[in-house]
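Each of the two complexes below includes chain A, the first together with chain B, the second together with chain C.
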Partner chain A sequence: MTRGLWIALATLALLPFASHSQFVANLAMLTAISAALGQAWNIAGGFGGLTSFGHVAFFGLGAYADAILQTRYGFTPWLGLPAAALLGGGVGWLMGLATFRAGLRGSYFALVTLAFAEAFRILANSIGITGGGSGILVKLHTSAGNFQFADRRAGYAAALALLALATFAARRLAVGRFGAYLMAVRENEDAARALGVRAVRVKSAALALSGALTALGGVLYVQSYLYIDPPTAFSVERSVEMLLVAMIGGAGTVAGPLLGALAVHAIADTTRSLVATPGVAPMLYGVVLLLIIGFLPGGIARFVTRPAHA
Partner chain B sequence: MLEVRGLSRRFGGVRAVRGIDLDVPAGAIVALIGPNGAGKTTSFAAIAGFVRPDSGSVRLDGTDIIGWPPERIALAGMVRTFQITQPFAGLTVAENIRIGAFLRESHRNAATRLARELGTELGLGAWLDRPAAALTVAGRKRLELARALAARPRLLLLDEVMAGLTPTEVNETVALVRGVRGRGATILLTEHVMQAVTALADRVYVMAEGAMIAQGTPREIAVDQRVVEAYLGKGAAARIADG
Partner chain C sequence: MPPQITRRTALAAGAATLALPAVLRAQPATVKIGMIHPVTGPLAFGGSQCRLGGQTAVADLNAAGGIRSLGGAKVEAVPGDAQGKAEIASSLVDQMAEQKVAGITGCYASNLALAATQTAAKYNIPFSIDSGIADSITARGLPNVFRFFPNNTTMTNEAIACLDALNKGAGSPAKTAVIVHENSEFGTTTAKLLSAKLGGIGITVKEAIAHATPTRDFTNVVLRIKEAAPDLVLITDYPNEYQLLLRTLYQQKVNLVAAFSVSGGGFNLPFAKDQPQASAFMIDYNHWYNPHDPRALEFRKRIEGAGHVFGWEVLFGYFAVRVLADAIERAGSTDPAKVNAAFAASTFHDDWLPYGPTKFVGGQNQGARGLGLQIQDADIKTIWPAEFADAKAVFPRPKAS
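Moving on, here comes the complex of A and B:
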């Protein structure tokens, strides 16, 4: 059953390469980025129960790190990848230490992450190096060395690579010791500590890993759209989408974010083509999320596969 | 192995633990008993690092561990169970036990094997792949024990593992705890079930209203006037003696 699901997902992922339509490739790329970001969120929010409402903070940091390094300092955008990962991971680690040492959990943690993202947005708006409110424009110069591709299918391939990396990380969590500790802390922190689990360290490491992967998503965004500004880099909507993708698909499962991204994009793109009124798609997400929480607390993954911990 | 001196903790105006002394020699089974509200659970929490005592010292093999977080104490070899069972509800029984096993066994296959063996040994064999939330009270008590044992403690703190069990289950658990000592672990337990205390303990400490009022062998404790009065009220010992 599980193997069948993965074969189906892999086949689906390869299909867009057969099409010459840039529209299809773009749609596929956006879905893959959503899935990758959802998977990155899932590592902290699903496996660790660290429900973040401000994960876009890492996305924005990654995007700006990449944009600034190449436009201001002339580095190759390929360097943006490790730089963004380090920055996202480092900020995730520090944010974890600060909030978890203070004993913040649940909705308090969610609010702190939201505040973090907002603080970064305001900062990006007001300091010089980010170009302030006018943002940063990356010069169009398509070449592999420049990590810019004329063919959207190449961008899609890069998004798939990130998705594969995030999914590999999630898979490791589902089977290994670190992941087991992370889930134990999610289920019952005191009991975990009584068995020798360094809860603060485990949670901070999960947030660092999740932050690093999310930041890589920001790099892919900049390399595809060649522009970043504070509202795009740190939008609340993107935080919500990461959380939705993971929760609709099945938080704390390996396949969940992939299924969630497919579902969310199917809903969004179908609605957009049927109804012209803006705002209908987010409303529909809301309805679907309520239905999922009400009737399928394990997400779609519960239906299709067994949960990662079973 | 464990040496507690002058341990005190107050909550607001309540002096929950008032300067207790307690010794657990290596290889022994020591019981800490007392009526409800005597301060046993607080003492346990303070010894295991979950509650910071106001004063006093707790030495594990000579090292003062006051102020250590619980995870560091567990790494040092002292592992506790909880009176109110604390399963990882969303994980399976085997996965619950494996969390304990990971403390000494970092390889996942070895940890899984150890967890399943231990679970089976403790009578949880049929439940290994079911969620811990599905367990009965007795099952949860066993899971607490199995998880702690999987961490291979040198000193095991059992907080009322017999509470809520049927007499048959108590007998089984008594045999289990004996088996644990047989493997070389030292045990400190709190218990209400006197049958279990009498059957297991080498030495018994009695607490009442936060203070240590008596200690001795189970036989000595059973006839100690202060202990009888702590449980049955002042003058009870004399009235019983009068018949």
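Moving on, here comes the complex of A and C:
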């Protein structure tokens, strides 16, 4: 990984703190959350080859865990962080054991994750504790103790902390023993098994780690926008964004999701601010993404650095 | 001979130049009003209608001399596309706060309004709700949030009263119902309220069927309705699903005493005109103008004359801006605290809705109400209550042939 790239990314990450604009801070926060979610997806999907179409399941579980604990039981929202991580990690672990023991891989695994997310969406719509279709509204009460910040820059700092955590985890995977096992399973599972790698356990652990980090993203969302309902918590669109961010940036690389999130959000926000005619901005966004995918099939990161597993 | 520049001319010119900034300063600053709606995505039709209403109100305000208490300051619309996403609606509030808007209107959908109003509360920006009808939008006690229009509880209570009056007036032919609703905040809350109240007017709910937005095939839903064989089908849906469901009911020849909706998203004039058979005799309890007020008929003619579709969302967008502008006018300032105070004390009555003088309690206008409407002869007619009716209700509807 080139040092220059990291210095550039770190400088860019600090720039919003110099601005007094809440709008800029909010855009930066959305980009950082998107990058963190993309990095979380990258841990399972990029390094492990576990292409998930339903990662939003973990996001939604984390969001609901946080919202339910504070609105129904009166716990501090800070407790939402470990609770969401445990729930996301636990569900990831169980989902991994259930699917990998059954020998599901590739597109079959992708479809199972999609089904999980949809099942959670329907469940959230149907049971009382989630507020059903009405969702859960978190009372506005800005204070650090309440994990609500009047200044968006504080929310951005929290999003950066999550991004740093996810990137640290990805970096450990790229250079560590567990990551080597995971990438060996991705490249050739049978060969890895023959060398003594416990494939089901390794893949389940990767999914658990990814699920825990994604669930933390759900907590940040709830604490920023103070409202969650099933379509927001479990939308397929968010799963696609996580995947897109990692793919565009470069799946299986440490810097990929960061570059992907920057590119995706820069394109989306630029087109939105430049074109007022309804519908044109999303269309332009789609065209630019197609061009990136067409001309940079390995992702942006491969232009500036070698793949982490190379 | 060229004109000589005398000392007097030079002094006059200098004085005029010095005075110019004062003249420029005398021009009142523009009053910006933010408008947050989903104008792309699945809610684009309703959102665009609200925006049209808001922009029409801005044009009318400027034509009438702007905000007089601010020296005739012109009103400027600052539109934003929420794309149906709560985080974008919230982000737009941040952006508009930096553009120094005097107030914001929006957001067509309740989930967008819930997120956007919380963010606006951080800045204390006056927020005039248009189409979001969830009670919780104003019930949270945010001092900057006002809704000129009725909330879900009012709409549902009055819809039940309307249905009861129509049913009893026809000798109570309807005794059972199936509720079909979309499964987000809007549909779920309304369905719950309806289920709780229908028993009180002698109607048993056989089943409540929830579906996602978007849903494009209602065959299974209609087959379940046919199996339950209710007298009534009650619908709470956004536009596309609403119309597709009614079209499927028509195609499957489902015999009903009536199809009835509360705030039916697809109950609009294009549907009535484009699909006269599928839409015929549909009854909706919804927002509408007072058909006896000539200003209302003129307004509708004006919107349609400009080549636009006229729907109740246009009224939402229009009056959300008008009532906000009235508050700014009375406040004589764009200071958020002053505008909020003026908003809370509003007695605005320059409207052609069936509301009467405005009175806000906890941000909710107490006089706001809907009307019982029915599609007859490819047009929307008011059928309840009698004081506002311009047509007689067809209840029960003719048998499907």
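Criterion: the second predicted complex is superposed on the first by the 289 of 310 C-alpha atoms of A that agree within 3 Å, B and C clash if a C-alpha of one lies under 4 Å from a C-alpha of the other, contacts with A are read in each partner's own complex, and residues count from 1 in each chain.
Keep this in mind: contacts are C-beta pairs under 8 Å (C-beta built on N, C-alpha and C of every residue); 3 or more make two chains touch, one makes a residue touch a chain.
Predicted model only: the values in this text are computed from it and were never measured.
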Residues of chain A touched: more by chain B or chain C?
C
May I ask you to decide whether A:30 touches chain B, chain C, both, or neither, giving the answer as first, second, both or neither?
second
So, does A:230 touch the first partner chain B, the second partner chain C, both, or neither?
second
Looking at the overlay, does A:134 come into contact with chain B only (first), chain C only (second), both, or neither?
second
Determine, under the contact definition given at the top, whether A:221 touches first (chain B), second (chain C), both, or neither.
second
When the two structures are overlaid on chain A, which partner does A:18 contact: first (chain B), second (chain C), both, or neither?
neither
Under the stated touch criterion, which partner chain does A:274 make contact with: chain B (first), chain C (second), both, or neither?
neither
What residues on chain A does chain C touch that chain B touches too?
none
Looking at the complex, which residues from chain A come into contact with chain B?
175-177, 180-181, 183-184, 186-188, 190-199, 309-310
Chain B contacts chain A in the complex at 48, 50, 69-71, 74-75, 79-82, 86-92, 95, 98-100, 102-103, 106, 108, 111, 129, 131, 147-148, 151
What residues of chain C sit close enough to touch chain A in their complex?
39-40, 44, 48, 79, 81, 83, 85-87, 90-91, 94-95, 97-98, 111, 114-115, 118-119, 121-122, 134, 136, 140, 142, 182-185, 187-189, 210, 213
Contact set on chain A toward chain C in their complex
21-23, 25-27, 30, 125, 132-135, 137, 139-140, 142, 150, 152, 221, 224-227, 229-232, 272, 276, 278-279, 281-282
